[in-house]
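So, here come the structures, one by one.
Look at the two complexes coming up: chain A is in both, with chain B in one and chain C in the other.
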Partner chain A sequence: MTNPKNRPIPASRQREGADQSFKWIGKSMKRVEDPKLLVGKGVYIDDVSLPNMLHAVALRSPYAHALIKSIDTKDALALKGVVSIMTGEDVAKSTGVLPTFSNPPVEQRCVAVDRVRHVGEPVVLVVAESRYIAEDALELIYVEYEELPVVNDLVEAVHATGDAVLHPYLGDTNVASHRNFSFGPVDEDFNNADVIIKRNLRWPRSGAQPMETCGAVASYDCGQEKFTIHVNFSMYNYVGWLLADTLGVPANKLNIVPVLAGGSFGSKLFLHKVPIIAATLARECGQPVKYIEDRIDNITACDAHGSDRVYTCELALDENRKMTSLRCEVIDDYGAYFQFGLGTHGNALSQITGPYRLGSVELDVTAVFTNKCQQGAIRGFGAEVSNYVMERMVDAACSELGMDPIEFRLANYIQPDEFPYYIPTGNLYDSGNYPAVLNKAIELLDYDGWRKKQEEARKEGRYIGIGLAACQERSVFSATEFWMLNKDPGFSLTSTPESVTVKIDQLGCAVITLYAPFWGTSPETMATMILAEQLTINPKDIAVIYADTDHGLPSAGPGGSRYTAMIAGALVSASGTLKTKLLKVAALMLEASPDDMELRDGKVGVKGSPEREKTFAEVAMQSHLFRLSLPDDPEFDSGLTVSSTYDHPLTTPPSEDRSDLGIFYPIMGHMCHMPVVEVDVETGQVKFLDYVAVHDCGTVVNPMTLDGHVRGGTVHGVGTALYEEYQYDDQGQILTASYADYLIPTASEAPPEIRVGHVETPSPFTEFGIKGGGEGGRMGAPPAIASAIEDALRPLGVKADFLPLTPARLRGLIRESQNLEE
Partner chain B sequence: MEMTDKVYIAVPPEVVYNGLNDPEILKLAMPGCEEFIKNSDTDMTMKIKSKVGPIKANFNFKVTLSDLNPPSGYTIYGAGQGGTAGFAKGGATVKLEPEGEGTMMHYTVNADIGGKLAQLGSRLIDSTARKMAGEFFSNFGEIVCGTPESGPAEILPLETEKTRTSWTIWIGVAAIAVAAAVAFMLMSRA
Partner chain C sequence: MSKECITLVVNGKTYEEEVEPRELLSDVLRHKLGLTGTHVGCEHGVCGSCTVFINGKSARTCLAFAAQCDGFEITTIEGLGTVNEMHPVQQAFWDKHGLQCGFCTPGMMIAAIDLLNENPNPDREDIVEAVSGNLCRCTGYQTIIEAIEQAAEHMRKERV
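Up next is the complex of A and B:
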């Protein structure tokens, strides 16, 4: 066993510190993405229309687990307007298995062959001249199934054998993986514990619910033997080449063209099934094919359901009421496939001990297959669950030992002078100031005031509760989290790079090329503000475009709250090179020394001589068109274009035996959420009276857009805490396949106002000290809301350990405790 | 799903039983029934066309009767594919007991459905089921115990069943209609 604490911390590669006065960074600038979106000129996947384009739909399995005995497509093929029909066997002749990070690989195909493993899995593809005809043709396809036993319950899944096994080639079991990870002296800490707190916790399966579903428009040029796929897929410049592999072509014969994504919240991180279906059909038909999921397709088969976990947890405390160790056994229902392996637990291990000084932690994970849609990425990627677990255990300790939740947290926090701080798993927390965040939340909420109101309300028989969750938001993920929990990884990535190209055109305006798509976040605004800061040019003189894979550079795209920090790194590199060239060219033009030159408001001038300056346009014109009047040195070659790639700023590999996972998620944000709720004990309804969310995302680039992120994520978390749950019956039928049954919070269910506060503890490792902020709201709201509900119902002794706390479930818990009292 | 219930029908068990075994009566009584073929006393096939909320379903059902005990009851089993709407399968045990002038029908229903029928949830299908139930009541009543002139017979759920949801009532009705009933019963359960 290696002790991470003895491992030296790599030196910071930061070039731009936080301690400077900024012109643009830190200002609430309106998003530059918005005008085109607001006038309806954003191009989403359904706006892509190519000449002679055909439309595809999938016939989906109504059975959760069955063998496909026969498929009769004769009548459907005879329907006028139907161009082609492909079964799984037809597809398998030209197209391989879908990419997976699991090893041994869990085989998934874009269309099922021989066996269906969940309701909604594609069985037959139909291509027709219109979507209407294709949908009609589905009625004329006859599939004969032989039903197999259905595995629905995650605990029962552990023991299933025989016909109930989903992937018999992996062995006679539905256990996809069982691993025990122990970091630090767990047994010793539990043996020495003064008190051990135990709880069973449940985290429900939910989904990201982007307004736009997944879709692709693919074409195939048989002359060049080349595919072009338009798709709303995020990591296309990172793992897009894996799709080429599935299609059986070299990566230079597949061009992936990004489109605006109409929301993702993680779920479009790595699309494979949808673009592969469109591409396979385009090659078959020799015409472009559009394939877009409808809502039921997305809910039943998007390959992006969230974590679905049952926990048994124990928390050890010493005689001073300090937490020393956390021990969790978890069963996680991964559904029918296992595309990211245990990645969501790897993610959680980056911050599993929360903001606290625990010396050891043990996690026993059993991943099971069931007849459900498989898990994928959704805001938090598993760490939102460990936040919930940690904070539930802290609340349990406070409540069982009669300790004040604020005093207890303050006493257990990692203190501001202890950073950078290694947690037992080997991940490093770069920086933080947890007491400052908590104190700001207390002040913003008027915590003492609400406690008084709570007391008065209780006298009137009203149940008001004040919640508290102090959670981590790890940001800037490193690729190791995808594979480090595999004993034997399929392949091991190391960095998660990000690139930009910056061109200053002949008239002195800048174009930034991004290599990851618009995802509903604010990449153009972030890039614009950071470049404006670095080159002193006006944001109005900056345009942003997106590159396809033909023109691609390394990019892992938005995900893991990384994008702003990472493009900041690439932009600092690119703008640094450009600045040097601008200074040198202008120095020659002004017959001055480059050392005496400076950038000022879109001009290059001699320091101390306001009249001696050239505009960017003048310098750019010189560089683009009059290169031969500059010295014969490669640094003056024509043009002003620089591409830069920025690698992960701080990551180290895991140890061979995984007793030390290495530094993999070090840029550590923090948050404190304090909701105030009132529970109607007669109906189980939860109403928000107030909500405060204080975040520390390091240096804030744009407070307005960050506020939006926090509020949106918080409402997402309200859904997870109170309403959202994919429910399957015992036959594996999904009963929540539309928004009539899958409940998302609307304006009426959301807190009337989410009051956001910021604390800025800059990272010493990223440019400007930026940390990620994209996932924060959802990573803090569920435990905070559970805490508030438990606080409200404290007189009744209700434990809020099972999410979602729907009115029906809450009413059940209240009734149970009232019966106990009687 | 499993459900046990009973309904009162104002004609004697023999009349009910015969009606339930008459393909023509069932075909006429069941809304959307396009074809009802009695292959033997115990095997039937039927086609039912229906629209439930946004789902258009063309069901091809195979129905089997067993434990025939005229006029006191039987067991039925049915299974069918509804194309993209999904599938339905299930059975019912039906007992007819004389009660006063009429018949008390007891039934136990087991049913499973899959695909879009299950996915879209009962709230969308409820109103359709209610409408079809009403039609079946009216039709079967007219046929088995009256003429259109004399009005539909009194075939109504018991007063004590008022607390049950409308689709439960409808399922009771459906069970009366033997094979045809199975089809609708299954569809309604989503």
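Up next is the complex of A and C:
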């Protein structure tokens, strides 16, 4: 491959630069989504109720790996109120396999056929008049299983054969994929290295765990042979048609209707099992069916567990203490299925060298099947793990070579004048100013002050640590990452578009239609602010609605921190077209030239003549209703509605052999997290004394909501670092199937205050210079907290090379090191 | 299963309902009375999303049977305020960005009001303790705590 550094930089398609004065963008605005939510009037999936609706539950597999020998549903069917019962075989008669991006496809069905592959996998579906009765019926179903060997350990999974193989039709192995990706002169850099730092690192399996589980309400109209599914699924306008394929109907016979999602954090990006179960049962019963996961379903079978990786890493440094290359061997436990293939590693490869000037990198990845719930999307999508890995290696280098972690980072950063910057994998970083972010964090934290306090505390026998993580947040994905790393990609490339429709109604108010749902972010507020900016319209005159797939336009929705940048692009297009028409119609009404017209505070007027103007309402009424008063030209056809689709602003294809991944995740945010912790060495408890998070997400649209994301993501990262883990025992039984055992941080575990700062380095490629910021907190907090704990326990020599560092585990590490000392 | 007739006074309105003894209060409120503002997150009493006032004290409706509440007065999120006339806690959650997805919010606000009823002048630690039984995955809690501080101040001024 050619050295990426010598490649041309694609031309920017940006129309609206960052260097202008804004009325709305950049100012905190209270959310327009909130009033209905605050008075209990938000409609989430379990709030949807249809006439004659039935209720479904799933019988979950109690075994991690077993053959289904027989299923007896007679007694259950006889129970009063039970309407229908479907086994996997029954379901398979009408409903196909679930969609997957893996190639060769790894077959998953919404209800297991012949074999169960993890605890919690649906085995039988029951529909009844109430959920109570449906759950009663579960007790009356008798399933005979023949147990198979359980594969629980990811390292052992690599060598499993015979009955322990989960998908024998794919070969006698549980290795789902093994690939080696090498970019740049890795061997040369390691041969020339002055020092090589080595570490083994462990990233734990955890989850998104939104407060609302996944659910669907489906109905089937046998007259039109058409499904309608209400579901809290985000990408419905992108891949909803795949569900139609599973149901065996054309895509125009499936309407997916969005509802508010009570949080997602990635996990509702791509729902398949839940809507397919509801739809299959609705067709079977001829009545609407509601299927909502309970919390155990969600923890054991949501198809969205996070990365679960063991790494062996080597970092090469030259004689000037500059990092030159990184080599990682990783085994990743994908669980029982493989819906996104190696997508989470593709994601990580967009920023695997972090903010640093490494010239080469090698990733050897082995994906294994085990008897666990499969992986899916969760805040970071695998790149949060590579952030942890890179920063752990940087800390290890500093610690082993006695270098200052701040000086070392500053010396290894890509410098502000080097952007746009190609990293070895072929991805492009659009812009950045990493020293500015680090310096701002140092200043905000009063780093020197805390170092002094730390020193004094050490004298008192207290263990205070200051953490530092300098991480990337790639944003605005091109979904190519889902399948780019398949050995034989089943699909060609996509530009991952996003659309809006804007209508100025007859009375001059605006309606924005979005094609992806609310899932806890602030899409309505963001779209309102940007449209208000573009059309000078008052935000209170803007309403936002969400379109179903019947009325759908291309959209991939929120995810990969893409939505604000993409919606801004679509809104710039739509508002531009609308503005042209508003100016022309008003010019005719005012007998002026369109070139002399301007938009001002929701009016269209003649420049320099404050009295010569028309309100939006006057112009809109003219455009909608009085066509015949306007010239006989198609541009004056009735109405004031524009739909616009915005394709990815900067993406290029990978090379055939994947020695160059192309530009696929270029809108590069950056962050520096600096937590201060105190570790109680007697109990292993970690307490936050301070926390600073400085982010660079380019131009900030709404500081208040962005700060909310940063803080929320950071506390999610606190969970990942200190508390959360889906634990399975040797028999594949999950030990953390409720919130009594799966510990999400409460207000008591969260840092008392997360002080957020911003540096704004606009993207030269997106409208207004916006970058994404939805995942950042969780992408920075785990390595920062690991670093702080290691710093606190430096006198004891404890290494934070695995997570979560629960009090018990931290106490174990402390005990080990104290024993060593003695 | 045999049913019994119970009376619930919810947000000042009297309802007579036939319920099975095993029916959860959360299900009756949500699916029989249509008060879907009370959310069910975990159904095992940990997340706190389903918190309402039962006879003036905050309680989890996923851990209460409706039949146990015969004759009781219940206040749900729908009884606190309206879009045009918000309760000071609702207003403060809006002002301070104390919510994102909004799913935990009704229970969180009931927990907050319960605290402020008992202690009109809570310090930060009191607030943290009061909401530590309610999980929020979106906000990181900081703005929730700030919202409760703002509401407390506002309510103190109103009392004067």
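Please note the rule applied: the second predicted complex is superposed on the first by the 820 of 822 C-alpha atoms of A that agree within 3 Å, B and C clash if a C-alpha of one lies under 4 Å from a C-alpha of the other, contacts with A are read in each partner's own complex, and residues count from 1 in each chain.
Keep this in mind: contacts are C-beta pairs under 8 Å (C-beta built on N, C-alpha and C of every residue); 3 or more make two chains touch, one makes a residue touch a chain.
As the structure is a prediction and not an experimental result, all values here were calculated from the model.
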Three-chain arrangement built on chain A, chain B and chain C clash or fit: fit
First (chain B), second (chain C), both or neither touched by A:A76: neither
First (chain B), second (chain C), both or neither touched by A:G42: second
Partner chain(s) touched by A:Q731 [first = chain B, second = chain C, both, neither]: first
Partner chain in contact with A:E139 - chain B first, chain C second, else both or neither: first
More chain A residues in contact [chain B versus chain C]: C
Touching partner for A:P62 - first (chain B), second (chain C), both, neither: first
First, second, both or neither for A:A740, with chain B first and chain C second: both
Chain A as apex of chain B and chain C, Cα-centre angle in degrees (nearest 10): 60
First, second, both or neither for A:V310, with chain B first and chain C second: neither
Chain B versus chain C as contact partner of A:V119, first or second or both or neither: first
Distance of closest approach, chain C and chain B, by C-alpha atoms in Å: 8
On chain A, positions contacted by chain B and by chain C: 738, 740
Chain A residues within the chain C interface of the complex: 30-31, 33-44, 46-47, 49, 132, 208-213, 260-265, 294-295, 518-522, 704-705, 707-709, 711-716, 738-740, 744, 746-748, 750-754, 777
List of chain A residues in touch with chain B within their complex: 59-64, 119, 135, 138-139, 141-142, 296, 300, 729, 731, 733-738, 740-741
Footprint of chain A on chain C - complex, ascending: 20, 22-23, 30-31, 35-44, 46-47, 49, 76-78, 80-83, 86, 90, 93-95, 97, 99-106, 109, 124, 127-129, 131-145
In the complex, chain B residues that touch chain A: 56, 58, 81, 83-84, 86-87, 112-116, 118-121, 123-124
